[in-house]
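Have a look at this one before I ask anything.
In order of appearance the chains are A, B and C, and numbering begins at 1 in each one.
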Amino acid sequence: MKARIIAAVALAAALSVVVSTASGGNKSASQASASKLVVWLQTDAQNGWPTAVAGATSAFKAQHPGVDVEIQYQEWTTHLQKFDASIAANDVPDVIEMGNTETSKYMAARALSALKAKNYPNSQTWLSGLKQSCTSGGHLYCVPYYAGARAVIYRKDLYRSVGVKAPPKTYAKFLAVGKKLMKKYGHNKNFSAFYEPGQNWYVAMSFVADYGGQIAVSKGGRWQGTLNTPQAIQALTVFKKMVRSFSRASKTTDEAHPYPSIPFAKGRVGSFIGNGWEWPYVFNPKGGAAPKSFAKRMGAYPMPSHIPGRYTPTFLGGSDLAIPAQSKDKQLAADWIKAFTSSNSETIIAKAGNIANTTTLVNVNKSNPALAPFAKAAKYSWFVPTAPNWVNVENANVLKNMCTAILTNRSSVAKAAGKASSQITKILNTKS
Amino acid sequence: MSSPLAGAPLAGVPARARRRRGGRRGRLGWNALGLAVFALIIFPVYWMIATAFKRGSDIFADTPVWFPIHPTLSNFTDAIHRPHFWADVKNSLIIVGCVVALSLVLAFLAALALAKFRFYGRKAFIVLIIGVQMIPLNALIIPIYLVLAKANQVDKLSGVIITYLTFVLPFTVWTLRGFMIGVPRELEEAAQVDGSTRFGAFVRVLLPLIGPGLVATSIFAFIQAWNEFIMAYVLLHSPEKQTLTVWLASFTTNRGTAWGPLMAGATLTALPVVIFFVAIQRKIAFGLTAGAVRG
Amino acid sequence: MSSRSPAAAAPLAAPSVSRRRPLGRRLRRAAAPYALLLPAAAVIAAVLGYPLYYLVRLSFQHYGLFQLVRHKGESIGTANYAEIFHDSLFWHVVLRTIAFTFACVSLTIVLGTLVALLLTKVGPFIRLLLTAGLIFVWATPVVVAVDIWQWMVDYEFGVANWTLTALHLGDFNHHDWFANPWSGWAVIVSLIVWGAIPFVTITLYAGLTQVSRDLTEAAAIDGASPWRSFRDITLPLLKPIYVILISLSIIWDFQVFNQVWIIRNGSPSTDYYLMSIYAYVESFKISEYGLGSAIALVMVAIMLLISFVYIRQMVRIGDAE
């Protein structure tokens, strides 16, 4: 008899799982709204400016005492996959952070709700580059969050040791410093005068922008890849020559593997192009782990252009905040975004090494010698084509693969650029 | 045409107490080779643990630091003090515990049917459990999310449990079936003579005999469920409801991979599996034996 | 389901008993196996039934982000399949996946066998050590294992480059393992084989300990070489184990995704595409969910094709009593 009981219990337990899964149903939709606001932010905020997040949430709660705010931190590599699944099941967050190259696809698919700019703080003075990444067909679909510009981070002491006292103001001088550094230190096989991971396509495209080239242009509603134009090919040739003579970084990884600030902290790098936040990362005990005194030997300057008096345009990367179209309480979501993008909040975000979303806060880091050059560099910037499918070009690694092919000499600049160009044309014109 | 051994216990006595040939010198050579293979196999694991105890400057060293000469626990404290560590440990334990227990119960019943009954559709079921393992999980992320959302099981541990159950069951059923077939019919019949029903006889006689099989099977279920990442990441939203592998992924961000804490976290994540192994290790050898041979 | 569990309620008589039993009893006897299977089948069906239907339906639709937001795809017949079959990259990827699977499975089985044979030769202490090592490897989460390997073959700080240079095997300083796809794949295959060896070895060792020593010793006395006695005695005895190990290895290795994806930092170039990666990129990166589903289904079909022989044997083993 005992055996029967065991079996019966086992079966009942098994079935109860099945039944409880099968039933349940339709409570979810109504329950989730009103009492809880779900916000998806990237882990950058968790590690970089948690006080801004906490401040926004408490300001929001003062306004809506009955509402809970749950911040759910996401990873860049997987957050859109999770978002797609949540869209399919009508289970979206109320606020989502998106990279400014990710938004266009979702705007075109009408996955985000239209917003009114005048409802948000500083909307008159938003950075135009970010605002553009939130605008589609004349409507606004997200709110600029923050931006980042890149500048050259360099070793003052090494520059001085080869007789260079001030940051180079022209591209020719930039090359001259590099040559001197390689001559003096290049016998060390780990040394790079200028450290450029091969798949850091943002730098390659900065050269293209500097020579008047573009990644793609729109003509009569059709996109055309334009990396095969003479300007772009010239730029990429200059880029290749520079990287191959100055850099000993891997040609098959991007700027996050490893972060250039790590070899930089090890003293084997003369300079590299990085974001503002990479400066502190040099000292991070889990990162570069350089001693505090190392800061005295560091400096930053905007990358000079081959055209005298200008800087090489920097990629204006950044993040936006959007409200998914299926969000159940758009008004609450809007209120939280307002709190999070207030001048106060943006000041904290800027001080963490970013550029605030508004030109009125452009001087926040002016007195910080480490961060001021980054704001200066943002004067000349470029952005990816605003085609709805742009992010697919990134996701298919078209530009990374092109850079690797060029830098490893696996194919000629013209051939690699031509191939990338036709891939870009194909992807951007695919109907979605 | 079926293999003569399939389902039948192997002939012969267990290898033991038999005089070995070759003598001491041969053995020494084999042992040296064994040691070398051990070093080769274990090195990546050693490197993980060693890195976990290293200071930042020793991790990115010009020449590799083979042994943490300046050992530090800071990577571990850093890892443990990340938000929600203990909650995630608890969640992982709950999920794995339920998956192991439920899969054993369900697989026991199904394996009983496969091993002890001839019935129409048995082959179909076998094809089903082999086939299920062929479907790429990534292709099912969205539809599974859809189904679970309809059943109100998203962001709930139970949703993850039942999903894992689906992927663990085929293998566990298969393995347990192998163990059951190995139990000689005479034993069941003997029990029946004693007056039990056939099912009662199964349970009374089978359960102790396939005990090792249950243990061996649970290892597989444990590892599968403990190490899974993508379904847990997609299905669990709330930070306090996530699992250890999802927690581990938070060490890699756009702003740097924290190698030291990541390796410390990885060591901590692997630890429960090793403890589980050690706890039941005596039964493994025998357990896997039976399961394997009668596969 | 009635509240009275049929599995528990059916007193089952041994089949050899010839006495006639009442009809109800016989019915319950016939129903018993189904009742026993039901819970497991129900769980699998509840979670996978609809998703599988969804996957097949999706493969006949144009389903992008626009359709995802509206929960409604556009039916386009077999266009997705036509596109795949006319895509030269796809056929490259198929061939690469098959070659990759072949390399992984054969290396895993051969090396696993060698280590298992070694286990029978070493002393008890070394055996314990080796077993513990294998278990450690088995217990390491895949995500972590990939991180470790990536770290070991790192271009700048990797211990592999340093060691090879120190051993004067060439100048591996700043050697980029992934610049050349062949050496990149060699790293990935080693990583996968390393992770797969514990399961294979422990299973085979368990099998080996059951092969009667009398048989092999008798063969040795008859003058058979160790290789012959392995081939003619041990191997045939272990055949069912090999069938299962090979089938499972094919199934697992054909679907490898994480290892390649993570070691290439989530952005593999087309040189590093496997079918699983291709399907994933089309679905989640390019948002062509219809196309991605079609690739996934073709992948299952090809997997069935190449593993057919083994799967058929496996089903036979499963169907035997």
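Simple rule for what comes next: a contact is a pair of C-beta atoms (placed from the backbone, for glycine too) under 8 Å apart; a residue touches a chain by one contact, two chains touch by 3 or more.
As the structure is a computational prediction, the values presented were derived from the model and not from experiment.
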**OP:** If you connect every pair of chains that touch, what shape comes out? Choose line, ring, star, complete or other.
**Re:** complete
Subject >> Comparison of B-C and A-B (more C-beta pairs in contact) >> reply: B-C
Original post:
In whole angstrom, how far does the Cα centroid of chain A sit from the Cα centroid of chain C?
Top reply: 36
**OP:** Calculate how many whole Å lie between the centre of chain A and the centre of chain B, each centre taken as the average of the chain's C-alpha atoms.
**Re:** 38
Subject >> Chain centre separation (chain B, chain C; CA means) in Å >> reply: 14
**OP:** Find every residue in chain B that makes contact with two or more other chains and list them.
**Re:** 60, 105-106, 109, 142, 146, 162, 165, 199-200, 249, 259
**OP:** Name the residues of chain A that each touch 2 or more other chains.
**Re:** 4, 7, 11, 14, 17-18, 21-22, 81, 84, 88, 90, 190, 256, 258, 263
Original post:
Which parts of chain C, given as residue numbers and ranges, touch two or more other chains?
Top reply: 7-8, 39, 43, 46-47, 157, 284
Subject >> Complex contacts: residues of chain C adjacent to chain B >> reply: 7-8, 10-14, 30, 32-34, 36-37, 39-41, 43-44, 46-48, 50-52, 54-55, 115, 118-123, 126-127, 129-131, 133-145, 147-149, 151-152, 157, 159, 162-163, 194, 197, 202-204, 206-215, 217, 220, 237, 239-241, 243-244, 247-248, 251, 255, 257-258, 276, 279-280, 283-284, 289, 292-293, 296, 299-300, 303-304, 311, 313-321
Subject >> chain B-touching residues of chain A, taken from the complex the two chains share >> reply: 1, 3-4, 6-7, 10-11, 13-14, 17-18, 20-28, 38, 42-44, 46-48, 70, 72-73, 75-76, 78, 81-82, 84-86, 88-91, 93, 190, 256, 258-259, 262-263, 265-266, 277, 281, 284-289
Original post:
Okay, in this complex, where on chain C does chain A touch?
Top reply: 1, 5, 7-9, 39, 42-43, 46-47, 64-66, 68-69, 71, 154-157, 173-174, 176, 178-179, 265-270, 281, 284-287
Original post:
So in the complex, which bits of chain A are touching chain C?
Top reply: 4-5, 7-8, 11-12, 14-15, 17-18, 21-22, 77, 80-81, 84, 87-88, 90, 105-106, 108-111, 189-190, 199, 248-254, 256-258, 263, 325-326, 392, 395-397, 400-401, 404, 408, 427, 432
Original post:
What does chain B use to touch chain C in their complex?
Top reply: 1-3, 5-7, 10-15, 18, 21, 27, 30-31, 33-35, 37-38, 41-42, 44-45, 47-48, 51, 59-61, 63-64, 105-107, 109-110, 112-115, 117-119, 121-123, 125-130, 132-140, 142-144, 146-147, 162-163, 165-166, 169-170, 173-174, 177, 181, 188-189, 192, 197-200, 223, 226-227, 229, 245, 248-249, 259, 262-263, 266, 269-270, 273-274, 277, 281, 284-285, 288-293, 295
